[in-house]
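Next, two complexes with chain A in common: one pairs it with chain B, the other with chain C.
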Partner chain A sequence: MFEAKIDANILKGCIESITAIVDEGKLRIAEDGLKLRAVDPANVAMVSFELQSDAFDDFRFVPKGAEPEAVPEAEPTTEPQVSEATEIGMDFRKLLDILGIGGREEVELELDEHAQKLFTRMGSLAYTISLLDSSSLRKEPKVPELEFPAQVIIETEEFRRTIRAAEKIGDHIALGIDGELFYMEAEGEMDKLRLGLRKEQLIHLTPGTLHSLYSLDYITAMSKGMAHAENITLNLGKDYPLQMEFEVAEGKGKVTYLLAPRIESE
Partner chain B sequence: MQRLCIVCKGSRLLCGQKTCPLLAALKQKTKFAELRDKKEFFGPSTSVFVGRIGYPRVSVGPMTVLEAAESDITIGRLEDPGEWFAHGLGMEEIIELRSFTLRSKRGEDIKSRSNFVADMAEIALAKQPVDVELTFKSKPSFNLSFSDVTRPTGASVNVEKMHVTENPKIPKKVDRIVSDELRAVEATEWLYDLGLDVYKVAVILSSGALGLRSAKKMVPTRWSITATDDVIFKKLAAQIREYPPVDSFYVYESSYMDNHFQILLMPSLFEYENFEAWLPGSVWNNDALALSQRPVIVEEHEGFKGRKRYAAEEGGGYYAVRLAVAEALHTMRRQAGVVVFREIYPQYFIPLGVWVVREAVRAAFRNRGEKFNTKKEALDFIDSQLQAKTGLKLRIQDFEVQSAILRQRRLTDF
Partner chain C sequence: MGSKIGEILEPKEISLDVLSGKIVAVDASITLYQFLSTIRQPDGTPLKDSSGRTTSHLSGLIYRTATLMEKGIKFVFVFDGKPTELKAKELKNRSERRAQAMRKWEEARVLFPEEAFKYAQASSKVDKPIVEGAKTLLAYLGIPCLQAPSEGEAQAAYMAQKGDVEFVSSQDYDSLLFGAPAMIRNLTAPRKKTKLEVIELKRLEEKHEITREQLVDIAILVGSDFNPGIKGIGVKTALKLIKKHHDIEKLMAQSDIGKKKGIEDYALVRDIFLHPDVNRSYELKWANPDEGKVKEFLCEEHDFSEERVSKALEKLSRSKHDVPQQKIGQWL
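On to the complex of A and B.
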């Protein structure tokens, strides 16, 4: 059993951070909140998402089998399977569309696991979403074991603005650290763009020398997913995946993106 | 083409061909001269042509065969690139074949419901050529024309009137689809499902026969070809995205009229990248006066979810190749990451239309692919098969540096 109420705008921000990477996925509902981990079809980008139950105005979850009425008395031989979480196949694009229609109100969610439906209600508008068959969805990916030698914390707006400018120039962008300087660099056939920020212009920086190249298609999508966060934490390496972490739902949720690098051309 | 041809005029063979491909076609000009003073024309119409200049008011009309006395084989073949490929017709023969065509033109709004337009739709839908009588408004002019997307056309003439002199034979199933209240996209898919090839489907789409009753309109021939490739691809792709990936790396190869294709399939979800390497002297890289000539490589790609922007760097060719790839994957019931390497040699110096690449890629998949265990082995093989042998040898690295797909590492690599 799952029933919850949440500010529609907060939920929308959360879902946008997911749809930056995938359209659909397996959402785990447990007593402490919602969780998801998914990779894009090309295995290039991953999103890990967590939303605590206290981000909701109201959050009630009872695991399947633990509900008293769910124990069928007629079949005493079957042990009721109590699992701690419920997994549902969610079409996040669709949910986002619906939240877009509803506006800024509070949204009520109610799961009918038996019928495989999620009821959403915003004011007088009710919308029933059919869940996706979990078995048709891709397996939850393994998180690669990574060690990042450097970390940068930067204002999200600064980062996003640079990405927007880079899009006009080329199809990839380099992120790197040179001593106490963090830089982002895009180079096209004709033009070149460089953002350089010294340690004191950043919230945090681990000094070092490293550099990686990433596809702008992916970073652009990700930068849209982080629109509501004030700061982002970048974990970097040399020719290494990029990890980006930020908060959603006023600190009651966390999103982590992982992006595989491009091979440098020499 | 032009600069070289203007200098040469068929006499000096500056292009390096054994005979001038244009001259063969120009022979038609003599036959055509007989038409010159006529006001009327009677003969079979094999297709329709819708221009794009002046859109939405464009020049439209039936395509007829200049020399009605010419054999039925010629007439039957005129609109069937699959057949041209199967018979291995070369550039010269195709230009000659197409120089039999007379394109008639009448100004019409794309939404016009005139009898002229209605007749055109019937011709487009008919299974066989339809006899028509045309009344000319001007003198016909012989002006072979070539395009990167559409097939070459011979002469053209402004027409006053058209009279269809026989009952066009429209297959019942086709008629049913067209009479149904279907959107043009759906009708296009249905026609393809019936087994019509994209060439015929595109002609029907261009004729204005498709679409909801209130929204029927003609589509310029050039656009209809790419639109058909795109619509059919999307339909196939929806199924392909559900298929299991190929089990290994495969390379398929084919060559046609100095276009050489190597197609790499990789075990992953569907994504597609198309390279065109235009060697100096080929259609779009033929500045004969520039001495420091380099091959020009252009690239376009799309991910699993498909693309939103038009593939402007490559235009219709991108979509024609993509359709042929999708047809093959659909037949295999597999998906794959696909990278296409196309080399275009100097001997391909007159554009004949995107059917060239569509048929060449279809043919590649009729051959047995080479199987490899690793991406590196597959790329080494492709490198060894690149045919640009002159001083300007192309290497696989020339493509790799531009590749969105080959250069992107995966999270599973870490």
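On to the complex of A and C.
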């Protein structure tokens, strides 16, 4: 059983951060909130999304197994029982469209697991979304084990502005650190763009020397997904994936993007 | 050519950008045929060098492929091997049609010039010198060529199934019957006249609720490169029949269709499509174009314009500087 109420704008911001990478995925509902981890169809980027239950005005979840008759007389476990989760196949693009129509009101969500439907209600507007068959969706990716040698924390607006300018120049962008300087660089056939920020102009910087190239198509989509966050944390390496972390739902949710680099052959 | 199943397929128009960074296996015979039949002078004469050798196919390869490679598409050319016995008959028919077209072209060039181009097109033939020339140029361009033991499309479809290439590019639909998950049409055709389309086997199966095996049976009923098919049965009828009776055996048991001519060899044809002879141990290697060799071959040997060839090579070197996108999987 899952029933919840949440500010439509907050939910919209959250869903937008997901649709920057994937249109559909397996959303995990548990007592502590919602979670998703998914890789984009081209296997280039991953999104991890977490929304705590206290981001909701109302959040009630009872796992299937909690119904007494459903609990089998299993061997006794000494471990405290971990709360179970329900997994639903969600068309996020559709949900986003509906939230766009509904406007700024509070949205009520109610899951009917047997009928595989999610009821959404915004004011007097009710919309029933059919869930996707989660067996037809891609398997949830593994949790990446990465070690990033450097970290930069930057104002989102500064980052997004640079990406918007870079888009006009080429199809990829370099992110790097040179000593105590963080830079973003795009070079096209005709034009060149460089943003250089010293340590004191940033919220945080690990000094070093490194540099990686990334697809602008992806970073552009991601920068739209992070529009509501004040700051973003960039974890960087040399010819290494880029990890971008930011908060959603006024700090009660967290989104992490991981983007594979472009690497010069030979 | 190919199976006459076009009408029930579900082509989806796509833009060239979707193919950027993708590996495409090209059915070489059909592509060279396309170049030979369309790259011609207004009266139907193919492009020729000063010693009278046809160069339409080389022109197509250098100019059209360069444009596509600039978009970031990686090519593999797959050539036909030995035709199966069943195809030999179809090939004989084709050669007769070609000879007839050649005669008509000769007549028309004088009497009805506006008809000439059509007949000239139909007289195109991918013969040995054409194939050899194409292979030489492709090698200089650094594009891998693969010799299929039998059908080129079967080989390409096998590579697509394995995931070594993402699409098979062809004009007829046999790639799907050979099991290619996705095929593209009109990739090497002139862009202004034709739309680029992709056909996905899975979508097709879902749409008509049929399996690939059933699609093969449908193709056999309407006629393929390996059997004439039953006269009067179109693809829509064939689809209905196979959906109702499940396969050709049951259809023959429950109707008098087996008495009609055209599908006697259905079991053999089915085997060609479902279990084709393919090369399973191949290696695909791309190299940078050898600009000197390309120019020597095209400009000195075949009288191409040095300026145009240089421009095409420039396009290729631009695509070479593209930095390849990595997949995230290697870090998960």
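Here are some notes:
Here is the rule we use: the second predicted complex is superposed on the first by the 247 of 266 C-alpha atoms of A that agree within 3 Å, B and C clash if a C-alpha of one lies under 4 Å from a C-alpha of the other, contacts with A are read in each partner's own complex, and residues count from 1 in each chain.
Please note the rule applied: a residue touches a chain if its C-beta (ideal position, glycine included) is under 8 Å from a C-beta of that chain, and two chains touch if they have at least 3 such contacts.
Bear in mind the structure is a predicted one, so any value in this text is a computation, not a measurement.
After superposition on chain A, the partners chain B and chain C collide with one another. With both structures placed on the common chain, the touch criterion links A:L137 to neither chain B nor chain C.
Once the two complexes are laid over each other on the shared chain, residue contacts for A:V62 go to neither chain B nor chain C. When the two structures are aligned on the shared chain, A:P261 is found in touch with chain B and with chain C. With both structures placed on the common chain, the touch criterion links A:A227 to neither chain B nor chain C. When both complexes are overlaid on chain A, the residue A:P41 reaches chain B alone and has no touch with chain C. Annotation: chain B segment clashing with chain C after superposition, chosen from 170-178, 188-196 or 206-214, is 188-196.
In the superposition on chain A, the residues of chain A contacted by chain B and by chain C overlap at 39, 43-46, 141, 144, 146, 215, 241, 258, 260-263, 265. On chain A, the positions that touch chain B within their shared complex are 23, 39-46, 141, 144-146, 171, 215, 217, 240-241, 258, 260-263, 265. Those residues of chain A that touch chain C in the complex are listed here as 39, 43-46, 141-144, 146, 172, 213, 215, 241, 258-265. Touching chain A in their complex are the following residues of chain C: 323-332.
Interface residues of chain B, counted against chain A in their complex, comprise 268-271, 303-305, 337, 400-401, 404, 407-414.
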